[in-house]
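Worksheet: the structure to be examined is printed underneath.
Residue numbering begins at 1 within each chain, and the chains themselves are lettered A, B, C and D in the order written.
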């Protein structure tokens, strides 16, 4: 019999983020009033973050299978086969709200959490990426958030000892009260040594490992699912502090006991800590679990059962060990100076039972805790399609050269060096392509195999047309992997949206997922893991409803290179090489950075993605890299063609003489339009004819753009654009801004 | 005027620094250490002689920059 | 017993952090800051009740680990 | 060459270092746990690798410098045998008193990871015989606290005795504040002890020993050590 130490009032139910209907469902399920600890457990298991109640029906439509997928969504991270008995384990996760409240620790613990997801599966992390969205540079909080988040990501990853090799940074006023921090980790394991969460065997000891439990982040999981009110800064929820040192020890200890064959099941304690991890271990294994909280190592005195079950203290794990190996495992953990305690056991009962100070405080059906979580088919309205903007109707205010220099120095296009120089991107000795290129390339052990990775999304496209925007995010990730010569294999997604209870936000989520599903299917680029972050909106005083972020479905893509020596980088390699453009150009200015940052208009339909053309174009480019014909490759994305060519010139110091634009497209639309599915590449002059013939045979548009050489980009009728000057434009803004300079 | 602002972690907030130091002191054979928490001090020299104004400015400095009041407490002393 | 060890940089040792904070305070519009130097405090709980022994142990801790006496000074206070 | 790599909790470049030693010297180094009290018999070279020992939570390298194995390292150095500390290893050697001075926070107060240029000041030491004096090499740095300082007398002595082996420089070997990313006094990137058998340096030569990783400029340091020890044997 569970005694109620506290009467469960409607207010208490509401404070736990549960609706009256959800509470009724709980009463039906257990046939009595829950104890306060049980209520806390339901609130943790049934909140958006853990149950995916708003997104689940739509996530099911994502393609998750391919012959190389070993583990799709449903475990701590996705697993794909990369050949030679090796698997790549990866996932992305958001730590948005915590990073707004306390940017350094919020971002740091976000990195810590995703690293744990990866090494929990038996993989040694080999790289991290991150996708960051901040508010308007002019907003008074933005600098502080950028400084803190970047330092936090670096602070954790650098100390833990994983190279942070890539990511994204953007600024937009719609992130003013809700910056986004999406962290991705990639690890390596042997295909036959992957570890899962499902417990097996009755009467098996459940072991608690890692750091001690404190009152960190209680209500954190619920916080991550509740819309921010104007008083968010006053509430000051408990912030978790990251301890990368302990996590590094935890990594080494876990990998050591896994290698010694001690582990049956393992689950990290992430959001809603002990509750989620214990319930998942039992439910996935078809077993009950009994926990004795008196055995849990605590950092603070007089912790209640409620607090222990909901604490989000970091750097902790739960494991089921082979009983005969328990002592060996304990010795390893002690050697690394980590806590080790048997806190419970598996049972045949299918009940989740928790005892504290001799009293049973929880007795719940374990399977139903997860399975019976509400699933909502929330009403949604589709985002109306915006009108297509004709290039002829866009007035070109300034000459091309000046436009290029202006664009290169904008917050969204300028160099991110200031950010990634704060991340150790060379540790491990395997970073073949460092940040700054299309995709990072990290050698696998001694090579020659390597992994390519990237994180992409263009939120302004998603806002204008969620379906096309969702497609574009996937296509761009695929394109970035292709541009270094890799075979794209699979993605992880991190879906960041506003309040799903608003039909127009739900419409964005549904539209983006449809677009992602369509692109992933067409490109055979399945989704193997991911995360959803909703309620990213802020209600400002006097406003009826919240102001949501731009829909931001970040796509993390991973691909493989059989030999890292046969890959491409974006820098021009030599003078006198031909520059070609693969893919069709129409001069698409709707939602382009040109339109926004030069013309001051943020409107129109985003560029559509033709997935068949995408695939054809990419396959040709990858083949040209594989045959060592293409000497430099860069995909054409944000900012358009001239920006892409400038990036190739800046990376090398070599310029180019460019041909005039075609007469049937306005010059500004040709050079700055954001048509999709395109790559700029260079070839030795004697290779051009054969490539032209190949493209023609495959029905792929190919256009001669010019010839490399000199120290400037030159265009007929325009002043010279010195590579060194362009670099100056590109490199200056962010460091100057962070030093207090103009926004 | 001289002042000192002392910033310490709030109770209950994890202090990885303190824990690592605790362990190190024990293994160095320093007896009887039950716990260590690490904090910061800022020794500040101020122009002017108005104590009240100085205290207000220091409080402002602590709130805006020196302490992260989500996880830290601070104390301001004007020492002379 | 509770004790506090305060570790500060020796005079003449450059303190880049203090400098940066100085600049930041000025740009936040906090008036009259002439200089800032940053240091550390360690709040230590000790077992036992012998004040003399505690002070000796703390001094030992500071010398052996908590301060780098090449660049830092320290002060030990048993506070209760 | 019989090399050992010390492993302190929180160290994270021990695998990079071990791989480089194996690549250049042809033999795997022994990995020695911080709690040991003895080095393997016949150890020629002790390497303290980079990382964040004990999280660098007190001062960089401070806690590791007091680990049991450090007594053995001290004895090893007193016998004139070789010790190399890189990054956190350099910080540990300073904290242990095996090298003078302190590594403070980088002048711009940020962690910096980038390739830097080092001017090799001397080639007549076991650590730099693989280079020419005045040669400029490109190697990565990755640290938040590499800003070397010491009191005036110590700096004068280091300079007077030619114990500064590496300085941050421009690509053509000029000493220039714009190329001194952490603000170290006299652009000092690496120093020797008085006896000339203990080197501490902030940059990571072990990360630049393969063309595939962008440069082999770090190789000379390890190749020189192998050569030195072979001749001595």
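Just so we're on the same page, a contact is a pair of C-beta atoms (placed from the backbone, for glycine too) under 8 Å apart; a residue touches a chain by one contact, two chains touch by 3 or more.
Keep in mind that this is a model prediction, so the values were computed, not measured.
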Distance in touch steps, counted as few as possible, from subunit A out to subunit C: 2
Centroid spacing, where centroids are CA-atom means, of subunit C and subunit D in whole angstrom: 29
Centre distance in Å when subunit B and subunit D are each reduced to the mean of their C-alpha atoms: 34
CA centroid of subunit A to CA centroid of subunit D, Å: 36
Residue numbers of subunit B (touch at least two other chains): 16, 20-21, 24, 28, 38
Sites on subunit D at which at least two other chains make contact: 54-55, 57-58, 63, 66
Per-residue multi-chain contacts in subunit A, two or more chains: 243, 245-246, 337
Chain contact graph, described as a line, ring, star, complete graph or other shape: other
Touch list for subunit D against partner subunit A, complex: 9-10, 12-13, 15-16, 19-20, 50-52, 54-57, 110-114, 140, 142, 144, 204, 206-207, 210, 212-213
Residues of subunit B touching subunit A in the complex: 12-16, 20, 23, 68-71
Subunit B contact footprint on subunit D (complex, rising order): 54-55, 57-58, 63, 66
List of subunit B residues in touch with subunit C within their complex: 6, 8, 18, 21, 24-25, 28, 30-48, 53-54, 57, 60-61, 64-66
Subunit B - residues contacting subunit D, complex: 16-17, 20-21, 24, 27-28, 38
